[in-house]
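Shared between the two complexes below is chain A, which has chain B as its partner in the first and chain C in the second.
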Partner chain A sequence: MHIVVCIKQVPDSAQIRVHPVTNTIMRQGVPTIINPYDLFALEEALRVRDRFGGKVTVLTMGPPMAEDSLRKALGYGVDAAVLLTDRAFAGSDTLATSFALATAIEKLHQEDPVHIVFTGKQTIDGDTAQVGPGIAQRLKLQQLTYVSAIRDVDSAGKSITVERRAEGGTQVLKTTLPCLITMLEGTNTLRRGSMDDVFRAVRSEVRTWSARDAGVEDITKCGLRGSPTVVKKVFAPQPRMEKAQQIDALGKSPAEIADETINMLFTASNQLGDDILKLTEAI
Partner chain B sequence: MAEKFDVIVVGAGMAGNAAAYTLAKAGVNVLQIERGEYAGSKNVQGGILYAQAVEALIPEFRESAPLERHIIEQRIWVLNDKSYIGTHFRSDNFNEERPNRYTLVRAQFDKWLNGEVKKAGATVITETTVLELLKDETGKVNGVRCDRENGEVRADCVILCDGVNALVGSRSGVRKEINSKEVALAVKEMHFLPRDVINERFNIQESEGVVIEILGTVTEGMLGTGFIYTNGESLSVGIGVIVSDLMKNRINPSTLLEKMKSHPSVAPLLKGSEVKEYSAHLLPEGGYDSVPELSGNGWMVCGDSAHLLNAIHREGSNMALTSGRLAAETYLELRDKGQPINAENLKKYNQKLENSFVLKDLKKYRRMPHIMLENKQFVTMYPDLLAGAAETLLRVDGVDKKTKEKKITKDFRSARGIFGLVGDAFKLVRAWR
Partner chain C sequence: MTEKKAAPAAPTRASAKKELPEHFKDYKHVWVFIELERDEVHSVSWELLGEGRKLADTLKVDLCAVVMGPPGEGLEKAVRESWGYGADVTYVVADPILADYRTQSYTEGLETLINTHKPEIILLGATTLGRDLAGSLATTLKTGLTADCTGLEIDDGSLAATRPTFGGTLLCTIYTLNFRPQMATVRPRVMAMPDFTEGRSGKRIDFPLNIKENDIITKVLEFIPDTTSDKVNLAYADIVVAGGMGLGSAANFQHVMDLARVLGADYGGSRPTVQKGWIPAERQIGQTGKTIRPKLYIAAGISGAIQHRVGVEGADMILAINSDPNAPIFEFAHYGIVGDATQILPALTKAFEQRLSKMRKAG
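Our next item is the complex of A and B:
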């Protein structure tokens, strides 16, 4: 069985700062990580491989430095890695990205038939959750989103049974392969590769594909040209709320606590008193 | 079947990178093992780089290394609660083509240097912790065991650059654990400010930099120093105190840092800054007498792990780089002569360190850590006396100068006594020589 996992190298959002004057994201010096949601996809793919046999190929699109993420994935025990990198891909939105990835997966499929494509639920930098479904649509794959567990893959590699988070409960779904799965967070714990995996990660070749290598014929569907999404404005939102205030309630009567609460409310807003007066007058 | 290398370098800080780089350049099959996600990811030094030690490895490092500012001014401040008295040295001579000292952010620098190590041909693996040294039946170190499945890796020689805690060496029984009197705990914050603001506040231009070392009452009678370093768009602000003093006084170093930051001479420098990082680290400050056995049967130890740090001159990274390089050179010499990597032959590394500035400087200040640890008046009483003297002299209030001088002399004598004063001077001079 051939499993492909799509991962994305993203800036560690916990360490990003917004420039106070220009409102642009300051990426300089911000470390990059594998999109955390993708790690659940990665681990689940490895588990499926370990249970049912086969190989896992990890695929990413990004600048040349995205190779670091692929090597990292190799260190967890992935079998092969492909980096899709080309200036033509720069500025891709989710439509252009899913086009490029789908084309590359098609190419991998020709080399060695692909049974399952895994992606994370979404990325932490774009948060759209569109690329996985976009790939499934283009490749006409069965689409299983928000999957929390893989129950079974039949031995002939013809069907798969999964658990999927749905409103109010868990759905158990069975579908035919090939399929695309977007994996829910918190569903597994990433393994630690063995020493052999780590050495392999350092030594193995990461295949680097340009748009042409990946089999892209229509370059206008890539990068900025292939991206209908337009960023109109970027701004840092106002904090939604002030810091919460606490009342120390220990050993106080309900009346005292109520008094303190009211005091606090009136101190926080000098208009509150007037507003209440107006309301009572109106009544 | 375990992997086999010529040399394993444990750690990818200054010492480890210097060792691995030197070996890989000479064609040695070297494995470098780093526990962090990448070289520098665990590093919080923020930081002064002494160019000479890097030049010895990579002469043209300035072209590609991430450096913050070159230092043109050094300030030493002795603080009491209200004042500072100090010396500043600034010179345009430091605005040279190949500057001598730089501020830097280690996380970035180490990553860069480790990139050079990889380019030189070393095998570098990360997120892997070395647990202990492996030995053959004769007791010779012949590899390491890591915290991964199939974690044993073999080598003819292991160079330990595993940092101040020196866990690998102490776990493997080749040295004793570090002692709380020998290490300082330093806490540091990164205060972000626009470049222009830093330049204005410190009276500098472009990439010129200032270093302030701070002594005095900020350490509340404990042995330690504070510091403010100018980076490109941030200030490294921190304070370090000997751990045994912190334990005795039950004081958290972050409390000291808050106090230092609010000092009237410090606060205006930091005003309006955004604090982005908070970190803590141990510094090996025991000096010469704390340096452990530097080599043994199949192993050498470098940098912080070997306690190579000059606390008086705030030099550490240069000692780490130099010791790492010398360990590598020792191995290369033995290899070229076809001599075995055993305890006797590796003693050459100890000799190289003894003959270099590294151990010469540590030897020179050998007595200093003990004297400072047992004579707290240097950090408690003298800052007040010095500041008081300066204020008495400078304040114009109708009192004649002779009376003022008498008052100063009296203050010193009543605080410390004539024998105390002479004794302190004697101790300092003796420690310095």
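Our next item is the complex of A and C:
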């Protein structure tokens, strides 16, 4: 079985700082990480491989430095890695991103038929959750989003049964391969790479594909040109007209502050007391 | 695995071109996808009708609802309610195949309807269902989709969809200038619930689903409903008390829960408190957690990052407790206490308890 995992390199949000004066994001020097949601996809792919046999290929689209993320993935025991990098991809929205990734997956499929494509639920930067469904539709793969568990994969590689988080419950779905799975977070724990894998990660080949190498014929479907969405402005949110009314805390005990606060809330809303009484009635 | 035939040739550079291509000019009206599952409409659909009404009025076009599902009273009720919440026209796709949500049946059904009736804007809820459907539909339609919008407006005839950006403090506005329909998803509770007009009626247009069960590859073997105890009803709570990293420890979260209990409130927290394992993921408030619209929101030890702010701005009253007088939360809170949350919270709990017991005695 051939399994492809899509991972995205993202800035580590915990390290992002905002410029105190201009209010803009200071990206310089911010370390990058594998999108945390993608680690659940990665681990699940490795588990499926370990249970049912086959190989796992990781794929990322990004700048040349995204190779770091692929090497990290190799360190967890992934079998092969492909970096899709080309200036033509710059400025891609989700439609253009899914086009590029789908084209590359199609090429991998021709080399060695692909049975399952894994993506994370969403990223921490773009945060749209649109790329997984995009790839599925482009490649006509069965689309299984928000998967919380894989129950079974038919050994002949023909069908799969999964649990999917739906509104108000869990769907148990059975479908045929090939399929695309977006993996829910918190569903597994990433393994530690073996020493062998960690060493291998440094030496392994990362295949680097340009748009042409990946098999892109129509370059206008890539990057900014292939993106129907246009970001027109970026701005700081309006502060509220008046700043918060401060409760004067200076030299007062917490009990005094609490009393004053309640007075103020009850003055602002004469309904609040009744609301609380109603809410606490049932208890 | 083959790429489907693409839509008509794309313009060379989306942002540069102003004029809408000829074949998109007859795309008209604002549509809202009504999310009907097991006879229940997700309230985000009504919230979107409220927002869609404003867009349609600005554009001077119709507001249309799309109701898809198995034939029956649940569907009929949804159709009637869609009119009560403001739809002028309701498209109805009724077919037993639609009893369970599946990507293929819903995408194909909605895609055919869109290609036939050509809306200029489609709004969907950013729920698990809505995100699955919107993502697949935008790809088959080869159009732009803006995720998790917090503001929708009409700007020079186009949909201007605003959403938070990465990193903490900024918003961005995204357009789909040269493609139709323009698509956007909005999370539950981000928009206010519109008024319901009893007896308001609209036009109904039935539309067939030309798919047979045999054509659908994915089968639903079972649906396991969540038990009520797993359900966190934070999004619909009237009062919410939440804590952030300023509480300092998981143990201190007890102060938040205590106050919540006394107020009959639900409780939640900022994202890092979830990441630290102080509270379960369902209780995260903000852009990637729950959006809330309570009458009163009390935030203790939360700095007020944009991703948190967008999740709570719909609250009628916000009380913030923070030891830093310059914390950004004071820029959108209505009332602020500068102080140590671990002292103020227990004091508030006690003071509320006394006050409420007095009120109860007074009847």
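Here, the second predicted complex is superposed on the first by the 231 of 283 C-alpha atoms of A that agree within 3 Å, B and C clash if a C-alpha of one lies under 4 Å from a C-alpha of the other, contacts with A are read in each partner's own complex, and residues count from 1 in each chain.
One rule holds in what follows: a residue touches a chain if its C-beta (ideal position, glycine included) is under 8 Å from a C-beta of that chain, and two chains touch if they have at least 3 such contacts.
Here the structure is a predicted model, which means the values were calculated and not measured.
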First, second, both or neither for A:Val114, with chain B first and chain C second: second
Touched partner set for A:Lys232, first chain B, second chain C, both or neither: second
Partner with the higher number of touched chain A residues, chain C or chain B: C
Which of chain B and chain C A:Pro64 touches, first, second, both or neither: neither
Touched partner set for A:Gly251, first chain B, second chain C, both or neither: neither
Of all residues in chain C, those that touch chain A in their complex: 1-4, 6, 10, 12-15, 35, 37-38, 40, 42, 100-104, 107, 127-129, 131-132, 134-136, 138-140, 142-148, 160, 165-179, 217-226, 238-239, 261-265, 281, 287-288, 295-296, 306, 309, 316-320, 325, 329-339, 343-344, 346-348, 350-352, 355-356, 359-360
Complex interface listing, chain B residues touching chain A: 3, 41, 105, 108, 123-125, 127-128, 146, 148-153, 192, 274, 276
Chain B-touching residues of chain A, taken from the complex the two chains share: 17, 29, 31, 75, 192-196, 198-199, 201-203
Touching residues on chain A, where the partner in the complex is chain C: 11, 13, 16, 18, 23-25, 93-95, 98, 102-103, 105-106, 109, 114, 124-134, 136-146, 161, 165-176, 178, 185-186, 218, 220-221, 224-237, 239-240, 243-247, 249, 253-255, 257-259, 261-262, 264-265, 268-269, 271-273, 275-283
